[in-house]
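For reference, the structure is listed below as structure tokens.
Lettered A, B and C in written order, each chain numbered from 1.
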Amino acid sequence: MNGNETTAAVAVKACGVERRFSHMRVLRGLDLELERGRTLSIFGSNGAGKTTFLNILAGLLRPDRGSVELFGETLPGSAELRRRIGVVGHEAFVYGDMSAYENLEYYSRLYKVEKTGRVEAILDEVGLRAAAKRPARTYSRGMLQRLALARAVLHEPELLLLDEPFTGLDPVGARLLSTLIGGLHEQGVTIILTVHDFERGLEVADDVVVLHRGRVGWRSAQELPDTAQMSEIYESTVGA
Amino acid sequence: MFALIWKDLILEARRRETVTSLFILGVLILLVFNFAIDIQSDNVAELAPGLLWASIVFSAMLGLSRTFLVERENGCMTALLIAPLDRGSLYIAKFSVNLLLMLVFEAMLLPIFILFFDLPVAGKLLNLIVVIFAGSIGLSSIGTLFALAALGTRARELMLPLIVLPLQVPLLIAAVKATSMVLDGASLGELGIWGTMLAAFGILFATVGWLTFEFISVD
Amino acid sequence: MFRKAENLILKLSPPLVAVAVLVSSLAVFMWVPTDKALGISQRIFYYHVPAASTCFAAFIGAGLASAIFLKTRNEQWDHAAHAAAGVGMVYATIVLITGSIWARTAWGTWWTWDARLTTFLILWLIYAVYLLLRAFSQGNEMGPRYAAVLAIAGAVNIPLVMMATRLWRTIHPKVINNPQGGIQDPRMIATLVLSMVALFTLFLWLWALRMRMLRLGDRVELLLADHYQSSQTFSRSNG
């Protein structure tokens, strides 16, 4: 394998990323590398820097120091690079006064999705076809979360970032989300998600990291630990 | 970019919040001025242009501050910033939406204004519309730029008029002068420096907005 | 670079300002002849005009520094703009007050909507809002950026404001280029130059002091935040 292929196989490469908010150092030299097609779960206490790191990957924040490469392109990337990323945030990013269909239609124009029938197909995939004509404000939390996922993968991104996607979902909704994430993983999408629940996080992941005080505190080796081991590892890393 | 403009217009068409409240506020301001300064048939020609612009400017503040409020819902602003859309286009799109909404509001206000003050506008209407249009470009270019900044502060919507009102003074002066000249029967070519200033202000601040929007939208 | 400039100014300016202010005050009050037409009140002009020019320079400088700040993201430039706008505001206030006092004796009124007075009122308001914006966005990462855009817009706007208010109406005396009255006595010109030097060096001194204050304030905040963060088991930021 020559050098070029190595770079091409790497989806995310973060080197010494530092970031502060006003005067709070949130990230303090975070190093992380992730191969294409892998699913990475990030654990960490509140304030460990999980959301900040995802926001940097999404191009919403710039690091104060250090660099981030996505698919070999250094951030801040071009609009073309941003097109290859999909994001599910804490909020659904949809307009309540428009239906699911209209919301997706709007985003598909924003992302210049040319495939016909893509909106219908994705609505089927997340099981919202029947409710597609209803204004999004009438949706339940679970439906909104599915719509948010549909919105994020509408343009078939190569890198999907999910910030606490399981928060606020009932067990059925969470299982459905796990299945959808699994399906995207099968399609070769690189996925990074932040999770609080070890079981959920371990279920979908190939790799696991624990963020602590703005650095990678622990990273899984070849074998993933089980939930009980994970919880021990977490506690010894965070030192709680 | 057009998708964004279209989406904003659909939302506005569904809610009709901005234009309706702008219109009512505009009429209210005319009413307040009518009582605040005793307007008679002998001074109406002198005072009318000022009244019109005072009404437009204050109502516009309300409308402009709503621009990015739409995007606050469910964090849609974040989605816009993640989307493959350069910041300049984002600014231009929002500026266009503001301009369009402002024009709709003015189209509603103008007949009331002419009616209230019994202005003879026959033959001057087209020129009047051109002047109002030019003034609106300036107002929305500067307002769109700072609407985002204002929302980012603790004072929220209160901050926008504070920022915009002093900055738009040259525009206001030029607009009022040009309006009164047009009402006196001047052609557009006769507006001279005031016409130039109206146009220059719009172009200048639209350019500043287009160039600097990037820096205040993403960190 | 900023530290060096700042240190240099802070070292040189106190004696320089002391001498310049003393000499120019002596000139203004003891040496320069009284204007024949305007009388004794014309002497306020030696503070009014230099304050006004320094103020323009400060605001335009704040705009330039802000543009560089946006481009380079180096917060030293932001401090430079912030300090220039802040001290510029003090000077704008001096312009308004001295102008108002002079208007009372010359035109019999404290305030007239004369073009240049109006210009300064508008500038004063723009930069008052600038400082307000900074205060209101404290703790917001983007605050300095918003302020920078406002400073740029303000600087771009200065010529427009001047032109618009001048065409709108003016009764302000045109002193410098006016072949009739105005100042012709070389002693008047010398005094004006002296006052310019005095007020400008004073500005530089205040600016450098303010720069240092802003920088040290930042440092204190950072140290405090680090202290809190490390003395807590779990930190509380939004990350």
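Criterion: a residue touches a chain if its C-beta (ideal position, glycine included) is under 8 Å from a C-beta of that chain, and two chains touch if they have at least 3 such contacts.
Not measured: the values here are computed from a predicted model.
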Chain pair showing more contacts of the two, B-C and A-C: B-C
Reference subunit B; chain at largest CA-centroid distance: A
Distance between the centres, which are taken as Cα means, of subunit B and subunit A, whole angstrom: 40
Chain centre separation (subunit B, subunit C; CA means) in Å: 31
Chain centre separation in whole Å, for subunit C relative to subunit A (CA means): 49
Multi-partner residues of subunit B (each touching 2 or more other chains): 219
Multi-chain contact sites of subunit C, meaning residues that touch two or more partners: 140-141
Complex contacts: residues of subunit C adjacent to subunit B: 70, 122, 125-126, 129, 132-133, 136-137, 140-143, 145-146, 148-150, 152-154, 156-157, 160-161, 163-165, 167-168
Contact footprint of subunit A on subunit B as seen in their complex: 2-4, 6-7, 10-11, 14-15, 70, 73-76, 78-86, 218-219
Complex contact set, residues of subunit C against subunit A: 139-141, 218, 221-222, 224-226, 229, 233-239
Subunit C-facing residues of subunit B, complex: 142, 145-146, 149, 152-155, 159, 162-163, 165-167, 169-170, 173-174, 177, 193-194, 197, 200-201, 204-205, 208, 212, 215-216, 219
Parts of subunit A lying in touch with subunit B, wherever the complex brings them together: 58-62, 76, 79-80, 82-83, 85, 87, 89-98, 102, 106-107, 109-112, 151
